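What follows is a set of structures to go through.
Same chain, two partners: chain A is paired with chain B first, then with chain C.
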Partner chain A sequence: MPNRTVKIFNSNSRRAETARGSPSLVNGARLRTSSLRGSWVRIPPPALLSGTRDRNVFLCITGTFGVGLNTAVQTFDLTKAYGNAKALDALNLKVRQGEILVLLGPNGSGKTTFLNLISTVLRPTSGTATVMGYDIVKQSLKVRETIGISFQEPRGFWRHKPYHILSFHAAIYGLKGKEKSEVVDQTLKDFELWTSRNKRFMELSGGQGKRLEVAKLFVNRPKVAVFDEPTAMVDLDGKRLIWDKIRQLREQGSTLVVATNEVREAEYLADRISIMKGGKEVVTQDLRTLKDSISGGDVVEVGVSPTITSGALKAIEEVPGTVRVTQTSENMLNAFVNRSEDWLPQMMASVQSFGVKITSIRVSEPSLDDVFLHYTGKEAVKASA
Partner chain B sequence: MRELFTLLGYELRETFDSIPWTVYFWFYFGFQYFVYGQLVSRLILEPHDYYLYYGTGLLIIMTFNVASWSGRRFVEGAHEGRLRYILSLPIRRSGLFAEQLLLGLIANLVRIGPPLVLVLWLNGMPPAVLLTSTAVLLSMSVGIMGIMISLSFIAFKSFDIYSAIVATTSAILIRFSTILYPFSYMPEAYESVARFNPLTYGADLLRNVMSIDVSQLLSPGTAIVVVAAVGLATLSLGMVLVPRTLEGVRSS
Partner chain C sequence: MSNFRRMLQITRVDLSYFFRTKWLIGTLIGLNMTDMLVVGLVYKGMMPAVVEGNLNYFQFYAPGVIITGLFFASFDVGRRVHLGLTEGVSQYYLTLPVSLNEVVYAHLLSAGLGGAIYAGVLTVIAAALVPQLVSLSTLALVPFMFVLSMGLAGIAAVLNLFSKSGDRYFTFADGIQTVMVSLSTIAYPISIIGKYLPNSVVMLVELNPLSQGAEALRAIVNGGPSSPAFTIPSLLITSLVLLVVGVVSYRHVFTKLREVGKI
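Here is the complex of A and B:
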């Protein structure tokens, strides 16, 4: 394979460097070198520290690339500023291929800016990102061929009709003739827009307009599909329809990024959830890990007979995983614990010796609301300080 | 290229979907030419055949208006969100700029073409003049569209300020030019301002190709150079400014 010049972002010196080499094998798998050309490639500090100064070695053997094999989208200190205000502040986020990553955050947290940046609708102020290996600044056309965005507010041609709007979208992505008609007809039916196909866009209801906006991405089925609040203004039936379709798109091989304010939407869709605040990523994890990450998040309500003795109460407090215990009556208590599934058997064993009989147990785990508030509330401020 | 022509087709469809708007342009011309033009040319004895002079001036005013509309449409597209959608499609930014210009030229041709044919036919001019005068009007419209689209960055901050600037620019450019009266009838102060106005050169060039009162016009060579230079300069400015402006828009 011929040598190629590859630009490297050295995260130690935080400077761009250039290396010539043959970036053909990474972890035993072949990379498309054309996707590397001119793009920013990040090599983590351990790799730079551990070997020779010849960066070609890292490229070929130990390099972990921004365009890594399982990465659909990766950002490198991605920043968008308007004057002094930073809508997105040095974001480093990775979206795995084939997953649904839900961005959850309050208004102004940078979710929409992030989606617009990776779709190349906006240009970053500094930093960059790759989408399926293509740099959003230097290979923006390639990125646009790869990604599709469904905007927060329906966008398009106000005087046109749903049929023509989808037909235009299909034509832009190269569908033509009978294939185009079939895809457009089917998409209109799938999104329950068939009977409104000849109404003008401006005559559609808010929910219909939103469904049409989402439906556009089902015409060309991009490799990376991003949805900005896909069910805002949509009724419950419409929400379910859109959620099912989004999951279907993932099953067909697309990678999805969904920005939302709705906790229920995040719970329903997400493989992983990224909570954002103030233009920064606060945490990114799967739902289970996020819930487990809240100390004392599980609340166990325990009923006993005849009454709770001081010895039994002390024993419960000493069970590993107990954060706090509150006695609510003579024979009831609330225990705030980590991982209730591990805590419960130990608690039951420890109270047996005090002659106390357990009559009822009710476990409630933290909701995503609790997680969201935990990470975007005062605790998150302390954590980042 | 396929994407660009697909986009052009859809934008043309939207542009001409509103038939009353195009008919309005023709009605406006007819009313101005056959009513106001007739009346005012009875009062004005010099220059000779002011009716034809006025008719050509009216064509230039309409060209200016339609070309200004292209810039306004571009801005409206940003505010309505259509432009942001188009920016997300796999189309080069430079291609998008070219497509907007082509759209403006076709809109110009459709809206100005019939009045131009009418003026030429009523004055017994040969078909060759139709080609040359169309070329002059389209060249002028490229320059005007370039200016208006380049100014669009103001509109992303404030549509009101943009509208005020466009209206003021229109008023100044049209009045301080030879669109409605030749140099020889202008006070000296007016004349010195009009000589810096690109519309003056466009108007005189159009009258040159129609062979109207050539003695009172600027040299066609100079006029060609100025019209071409303004077109190229504003196009280049637009190609540099527009992509930067569009991608810096926070919300629309």
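Here is the complex of A and C:
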């Protein structure tokens, strides 16, 4: 594909620059000027650029604002206040293209507010966000063409039937005729709503209503799909079904943001987890990094023979990565360590010289519950209960 | 798909919700038919004298009932918007690729269509007893009735703006409907009202869009304009003013919804 030159405005250097680009699969061009890494750029319409996963491409630009490569959603001091109460407090968060980001937090942590803001149901009090490069305040219509939301509470008129609700949704997104019927029928079957398709919305069970709410997004498959507690009120089979569907949606190229206060859901779905508390992001990492981030999170139960000597105990305490060691009996101890996989070989080597034989080792890593509790404190107990 | 077509989809869904609510349609038709056939025919017998122009009381009253039906049908948009706000459907609309204005227009359009279709059905029924209604003039009046219907929805929009709870909305809606029907020429000619009520009230009756709609229909039944005060231009002006009020009110309702998340 031919390269082309695009004039852009670099907000870091505050001057116009020229970038080489070639058409991407999405639209526009890929930029290759490394001096612009991480900067905001403004490009004159009608130029419309989009980044790809190419390592050399560092900017994804659409319309008049640019965000970092592969960023589907980015917030800039996004704030929503109701009077003096801040539901979301200067949030700066990035969602990468093609990932499932799970927002985990206790009730009132700002998860739903965040989802409502990026899907333009709510307007921010201050700050802004971009969704696939479109500003949620200035280009809200474009954002709505890109994003889809599945609400916490199913939304539908009581007298409408699932078939009509999905048909309406499909029609809004331009499906018509046979294609619309096929997509709606298939979605109803996929979400096990086929036999309930002619029931009125008010006659659906809580789980059916929730499945219908989630199913809407599978009719139009938006580039960015957000789910607010997608499996609340749903039984175990229903949860599995929805989780599998959500992962399928990601495999088909959508970026997903899922808000939940259910730890198991987060663990099952997340590529990365963002823990929120009090309207702020506490931490955002993948599950492994989050678990590793807890100091002394891995608990290693070590059994020895014949007994633990004071020298051996001291040697274990001095192994790098040891946070603390508790002797539970004369031949058992618990070591609280960082990264047990690195710690174990070193520990075994250091106790050998004391003539102590290791008879058993059991490692338990921190659960996401522990991580959640660690980062959110007291509220986590309530949320995970 | 163009935004206009998306707006029409919302209009269609909103309108279908009106016609799907069978108990409402049944009650409305029951009330209007009772009014038209029982009240109209009985009063016609009680008042053999010509009420106004060449009309007997039934011929006078039937157009009034048609306009009352139009009013109730168009006013129902307020109930639907209220339900939409409380059941979260309005929030759902705000996530769709349509602008806030298009959501507003969609509701007012569905109100206009609902009122016009419902009044059309009543007109067909009334035409069985008032053959003058079967005319090209009646057909020519349909667009004006549609505009009137959208205008009347503006009053419902104001109610949506000020009524947070369902109880309050339905109480105010009943009150407004009663006052508007009472202070109109739906049931009594303006000459009779002028005899018993002060001029200020008579002026209100004349300005009442229900009076203007009823008189426009009566003019057809009567074979010409029954009163210079009730002409199509005044009907249009009143309707358009109310329509603007409706647009502003619903814009405010949905803007507020986007600001605070609920009404």
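The working rule: the second predicted complex is superposed on the first by the 311 of 385 C-alpha atoms of A that agree within 3 Å, B and C clash if a C-alpha of one lies under 4 Å from a C-alpha of the other, contacts with A are read in each partner's own complex, and residues count from 1 in each chain.
The working rule: contacts are C-beta pairs under 8 Å (C-beta built on N, C-alpha and C of every residue); 3 or more make two chains touch, one makes a residue touch a chain.
What you are looking at is a predicted structure, and each value in this text was computed from that prediction instead of being measured.
Student: Evaluate whether chain B and chain C can sit on chain A together after superposition, giving fit or clash.
Tutor: Clash: chain B and chain C overlap once superposed on chain A.
Student: Looking at the overlay, does A:R144 come into contact with chain B only (first), chain C only (second), both, or neither?
Tutor: both
Student: If we overlay the two complexes on their shared chain A, which of chain B and chain C does A:P230 touch? Say first, second, both or neither.
Tutor: A:P230 contacts neither chain B nor chain C.
Student: Contacts for A:T120 in the overlay, against chain B (first) and chain C (second): which applies, first, second, both or neither?
Tutor: both
Student: Of the two partner chains, chain B (first) and chain C (second), which one does A:F168 touch, if any: first, second, both, or neither?
Tutor: both
Student: So, A:G133: does it touch chain B (first), chain C (second), both, or neither?
Tutor: Once the two structures are laid over each other on A, A:G133 reaches no partner at all.
Student: Determine where on chain A the residues touched by chain B overlap those touched by chain C, and list them.
Tutor: The overlap between the chain B and chain C interfaces on chain A comprises residues 82, 116, 119-123, 141, 144-145, 148-149, 151, 153, 155-160, 164, 168, 171-174.
Student: Quick check: in the complex, which residue numbers of chain C touch chain A?
Tutor: 1, 3, 6, 9-10, 13, 16-17, 20-21, 83-84, 87-89, 91-92, 94-99, 258-261
Student: Of all residues in chain B, which touch chain A in the complex?
Tutor: Those in contact with chain A are residues 2-3, 6-7, 10, 13-14, 17-18, 80-82, 84-85, 87-92, 247-250.
Student: Can you list the chain A residues touching chain C in their complex?
Tutor: On the chain A side, the touching residues are 82, 116, 119-123, 141, 144-145, 147-149, 151, 153, 155-160, 164, 168, 171-174.
Student: Give every residue of chain A touching chain B within the complex, in rising order.
Tutor: Result: residues 82, 87, 116, 119-123, 141, 144-145, 148-149, 151, 153-160, 164, 168, 171-174 of chain A touch chain B.
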